[in-house]
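Below you'll find a set of structures to go through.
After this come two complexes, each holding chain A, first together with chain B and then together with chain C.
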Partner chain A sequence: MDILKVLHDLVFDYTLRTVALGAGTLGIASGALGSFAMLRRQSLLGDAMSHAALPGIVLAFLLTRAKTPLVLMAGAILAGWLATLFMMSLLRTTRLKQDSVLGFILSVFFGFGLMLLTFVQRLPDARQAGLDRFLFGQAATLLERDVITMAALGGVALLAVLAFWKEFKLLSFDPEFGASLGFSMNVLDVILTTLLVIAIVIGLQAVGVVLMSAMVVAPAAAARQWSDRLGVMVVLASAFGMLAGVSGAVLSSTVPHLSTGPTIVLVISAIVLFSFTFATSRGLLWAGLRRLRQRQWLQMEGVLRDLYLLARQHDDSQHPHSQAVLQAMNPGRAGIAHTLNVLAQRGLVRREENGEWSLSTEGARQAQERIENETQDTTMEGTS
Partner chain B sequence: MPDNPYAIEATDLTVAYQEKPVLWDVDLRVPPATLMAIVGPNGAGKTTLIKAILGLIRPAAGQVLIYNKPYAEQRRLVGYVPQRGSVDWDFPTNVLDVVMMGRYRSLGWLRRPGSRERALALEALEKVGMAPFADRQISQLSGGQQQRVFLARALVQDAQIYFMDEPFQGVDATTERAIVALLHALRQAGKTVVVVHHDLQTVPEYFDWVTLLNVRRIASGPVAEVFTEQNLRLAYGGRIAFLSRSPHADAEEPPTPDLPMPSPTRREEPYGYPESAA
Partner chain C sequence: MSPAQVEIQLIAAITAAACALPGVFLILRRMAMMSDAISHTVLLGIVVGFFITKDLTSPYLVLGAALTGVLTVSLVELVHRTRLVREDAAVGLVFPALFSIAVLLISRYAGDVHLDTDAVLLGELAFAPFNRFAPFGSDIGPIALYLMGGILLINLFFISLFYKELKLATFDAGLAASLGFAPWLIHYGLMALVSITAVGAFDTVGSVLVVALMVAPPMSAYLLTDRLSRMIALSVAIGVVNAILGYWLAHLLDASIAGSMASMAGITFGVIYLLAPERGLVALARRRARQRWEFAMTMLAIHLFNHEGLPEASQENREEHLSQEVRWAPDFAARVVSRTVEQGWVQRQEGSLNLTELGRQRAKQAIAG
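Right after this comes the complex of A and B.
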């Protein structure tokens, strides 16, 4: 595939441009709202909402016999909302835990939606064709009017996030303190949940109800790896969502027989994997390197200290000792020879002609300093 | 009585969770410029009492007056320090941001905090000795530092009455001293502070009023009058353990209560640190 050709088509090819715009919009919206869902530990709520939207879509079609995007999305939003209401009341009135309630509502609504879908497909009505694309998503079928509806809804959701930024932060971080300030946490919860439903519904046609929850969870999870600021995290999550949406949609519309939903999800999964490994603050790779460096540092400290303590018994802080003695002080520890060489490179220890090791003047000074600090630390403990 | 002299007046406060009363018919009167401790065994309803007064929990019965007016009208006079463990300290934000949350009420809906809020937040951080940490990510704070951040957030609320839920829980000696100094400064400024407290040892030293609670109100009043062995026995039942020093008081001089109650040297006396909270 020629990248320049794809870039050219992205701008000038009507279909590809429409598809990319739509997928980008859904990525931005789900990334932003997904961040709040993740911070409030409600990521799975998104899964239940998206599955629950299916019966709403089919019922909206059955009632109006039209596939106008706004009508279908309204049906989806209503169903997603109803499911959330059911979940809340089940949680309040029964002893069921959140995971069981989520699983229960998800399967009941999704099952009902599948049943309706099968029923509709047997109707002698050609207009139903294509409703099944809501299962796994088909970005290639996005029309301009779909994208306009998506962009309008997504824009409203983003504007609302911007307007209620401080309130949503309060709701996500410390709702009880927020309530004590007089902000109605219930109202804010309703607003934020509605926005999440909207963000999910925007993506249903392109990604499908089955996989849309990945677009709620994954961009936020990847973004959290890179930033410790809420604002940066939300912007990054939106960017990741957009990147995944656009590239997934482009891939699936240029390669035949490739469903958009799974492709987008694979792309965002790759982004997540990359972030978990390479992110500067929390990534596994850097954490591993830090641990390694720390271990090496501790070992150097240990060897310096051992040499110093040994030498002190001879009333000469630079009295040499063999490596075997050091090894005997640290039974089972590997890499002492290597550590000695590193220390020698830094001029902290010296190798004598008989092969024994001694501290240099600088090494002795540092070792003494550290041992003194240590004893001070232990006496300070408990008061600081 | 035309004018009532109390900063906080709660009457007949009752809270029930699924029919089970956790707070029963509690009356509370706190005069202004008082430091009051609420003590009682685990499950006595101490946190519930605070939350019911703050309207975070809907009481089954009872009413709360703040300076003689219903709580809803006086909300701006009240500051709150929740339990440190009630939030996720891995939340992506920094110290200054958390402290600025204390200004959100005066900002009102939709308005964003600006340079004035930053200045106030920094000033409050200064008071709790946390100014150098303003830009620190909150997940990198120690328990004591987290507590001081929460206190700073309450300070920028600039309230008349403060409710603090276990501010001494699991903090280091430095933080404990900082909190005590802060409490005294607040009292000096005429503020009223109600503190849920676990360490019976330090009650006489830190506070001037105390409420003993065990679902019902056992006693409430000046420490010298109501912090007696008999009342403690009533509140804690048989669950009073031997006299033990709390872990965070270790670096301090053992407090010497100047009260009409058994001296700390008589260790067999069944009052002191509650077993259940040890």
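Right after this comes the complex of A and C.
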């Protein structure tokens, strides 16, 4: 595809611009709020909340007969909030575990919403048309006024996160300490959950119930790999969410038969996969390399040490020994020849003319140092 | 009732029973959300199976779906084992991705086939009687009835055959492993059951509501009993009742049957949550109230016992004195006193209170602990 053409369309094509702006907004909001959810081990709460919003949307329509985004979103937020309260009460008063309660809330609320929705759809009232796009999301049907509502709600949610930054940080990492400082953790919990519900409701119209839960979990999971600082993580998660939203919108507009919601989810899943693999310090690739190097170093150290211990029996720390002797000291161990060659390249051992191996001056010094360190302070071993 | 109505209720009841069986173990093994994940990802198995067989009624689709269910579980475990994210986040990452792939495959390559996302997510039980099962030309009922009946039998067979193993692996996985059972085999077997059940059921009730059928009845049963066998029986019974009541609710409102069944499951759970004999909210509140009275009565008995036979007793055992001494509100104090009198712990004599032999015993018991 032509990049310039895409950029041009992004600015001037009404549909694409609206969809991209909407998807970007939902990505930013869900990324930021999802980070807190993830740190508080509530990743699947988003899943439950997004399903629980459905009856709220339909009830709001039934009561007001209005389809203004703000009214429907208010209904959704109320339902999500009720669901959270019900969940907390179940967890407090019964022995049911969190996963059961989440599954119950998500399926029963959704079923109730579905019952209401089908009930409404059979009423002789044409105004209900289009309510069902909250189920699966239809980004292509987003209108400018939808996007304005989304942006306004998202902006409020982000401002609230900024205003309560310090408090939310306490809530996420050390609620007991926060409570001892005099903050009411219950109130903060309710505020943060409400904000999460808002972020989810923003996205429902665009990507639908099922895929919205991915937008809460995935940006945060990707961002978590790159930083241990909350601020960096929240900003990164928002950026990933926005990137996925906009590029999903662009991709689905350029490739035929590619619905926006699933495309956005696949883009964010790709970002997660990339982050899992390549993220500095936590990434699987670097961790694998590190493990490989550690293993190599352990083997080299073992051979150096064996050579040193053998040589010490001869009053000469550089007395040569054959590879067979080394092998005999480590029965069943493979790769000694390779390790010896690597050591030779580093100038720590040398190969005598008769094929035996001896330590160089530097090798002897290092081996001696190791052994002395070990006997002085065995507790250091694990940390080096 | 028309024959179609009977058939729909029969299918609903059998589906509910088939879902409740593996659901019990999901609840006990803290894996309820796995049913949500699996019920979505089996769609991928069906789509891929369809591309291979080109036939939507092929039994291989069920096999494909079961495999995707197991694949989902192993992917979640793989992601979790990297220790980069917690298990719940791993679930939330894996299933939307697989589900998205399935949805995109359908919309891109199977747009003209009867395999649309709405039907899969929501299901339509009302249409189930239209698909007849007619081997050798004789109509013997709807296909869904035989499909779900078969799945119910498979579930029953697996659970009764491996009842002991499932029980042990659920409540004490360590012991099960040390005795030589393979907990992972049981685990994956169970996940395969969940997948097969989800595939069979989502045709009729839709994938989200499969979760309601799997989770809600066992949760209700869990509030009623501590015995596994009873929990299984109760779950099946509650599921069947929900299905039938849900059907009539839908009939009344002219709404989605699956949605009404899930709503009914919610209502049943709500009633049980409120009224369960030992764990219900009402029982909880009554137990707390009773404990409060018992505590107060024992306090009074101890107070009187401590001062019995001492010079200050005539002062300490007066009813008015209680509100100062133990800081009870006067009317509360009066009610505690009248309760102790009723129970025969205390006798009133001209405004002062004296312990009976029974009251003295109670006080001594409480002090001795």
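The rule we apply is simple: the second predicted complex is superposed on the first by the 368 of 384 C-alpha atoms of A that agree within 3 Å, B and C clash if a C-alpha of one lies under 4 Å from a C-alpha of the other, contacts with A are read in each partner's own complex, and residues count from 1 in each chain.
Note that in this section a residue touches a chain if its C-beta (ideal position, glycine included) is under 8 Å from a C-beta of that chain, and two chains touch if they have at least 3 such contacts.
What you are looking at is a predicted structure, and each value in this text was computed from that prediction instead of being measured.
Novice: Do chain B and chain C fit side by side on chain A after the overlay, or clash?
Specialist: Verdict on chain A: chain B and chain C fit.
Novice: Check whether A:315 is in contact with chain B, with chain C, with both or with neither, and answer first, second, both or neither.
Specialist: The answer is neither, since A:315 touches no partner chain.
Novice: With both complexes superposed on chain A, which partner does A:93 reach: first (chain B), second (chain C), both or neither?
Specialist: In the superposition, A:93 contacts chain C only.
Novice: With both complexes superposed on chain A, which partner does A:224 reach: first (chain B), second (chain C), both or neither?
Specialist: A:224: touches chain B and chain C.
Novice: Check the residue A:179 against both partner chains and state whether it touches chain B (first), chain C (second), both, or neither.
Specialist: First partner only.
Novice: See if chain A has more residues touched by chain B or by chain C, and give me that chain.
Specialist: C
Novice: Touching A:170 in the superposition: chain B (first), chain C (second), both, neither?
Specialist: Once the two structures are laid over each other on A, A:170 reaches chain B alone.
Novice: Given the touch rule stated above, what does A:119 touch, chain B (first), chain C (second), both, or neither?
Specialist: So A:119 only meets chain C here.
Novice: For A:265 in the superposed arrangement: first (chain B), second (chain C), both or neither?
Specialist: second
Novice: When the two complexes are placed on top of each other via chain A, what is the minimal CA separation of chain B and chain C in Å?
Specialist: Chain B and chain C, overlaid via chain A, are at closest 6 Å apart by C-alpha.
Novice: Residue overlap on chain A between the chain B contact set and the chain C contact set?
Specialist: 224
Novice: Using the touch rule from the top, collect the residues of chain C that touch chain A in their complex.
Specialist: Touching chain A: residues 27, 30-33, 35-36, 40, 79, 82, 84-86, 88-89, 91-93, 96-97, 99-101, 103-104, 107-108, 111, 117-118, 121-122, 208-212, 214-216, 219, 222-223, 249-250, 253-256, 258-263, 265-266, 269, 273, 279, 281, 284 of chain C.
Novice: So in the complex, which bits of chain A are touching chain B?
Specialist: 39, 163-167, 169-170, 172-174, 176-183, 224, 227-230, 232-233, 382-384
Novice: What part of chain A is in contact with chain C in the complex they form?
Specialist: 38, 41-44, 46-47, 51, 90, 93-97, 99-100, 102-104, 106-119, 122, 135-136, 210-211, 213-214, 216-218, 220-221, 224-225, 257-259, 261-263, 265-266, 269, 272, 276, 282, 284
Novice: Going by the contact rule at the top, pick out the chain B residues touching chain A in the complex.
Specialist: Against chain A, the touching part of chain B is residues 51, 54-56, 75, 78, 80, 82, 86-88, 91-94, 97-98, 101, 104-105, 107, 109-113, 137, 139, 153, 157, 172-174, 250-251.
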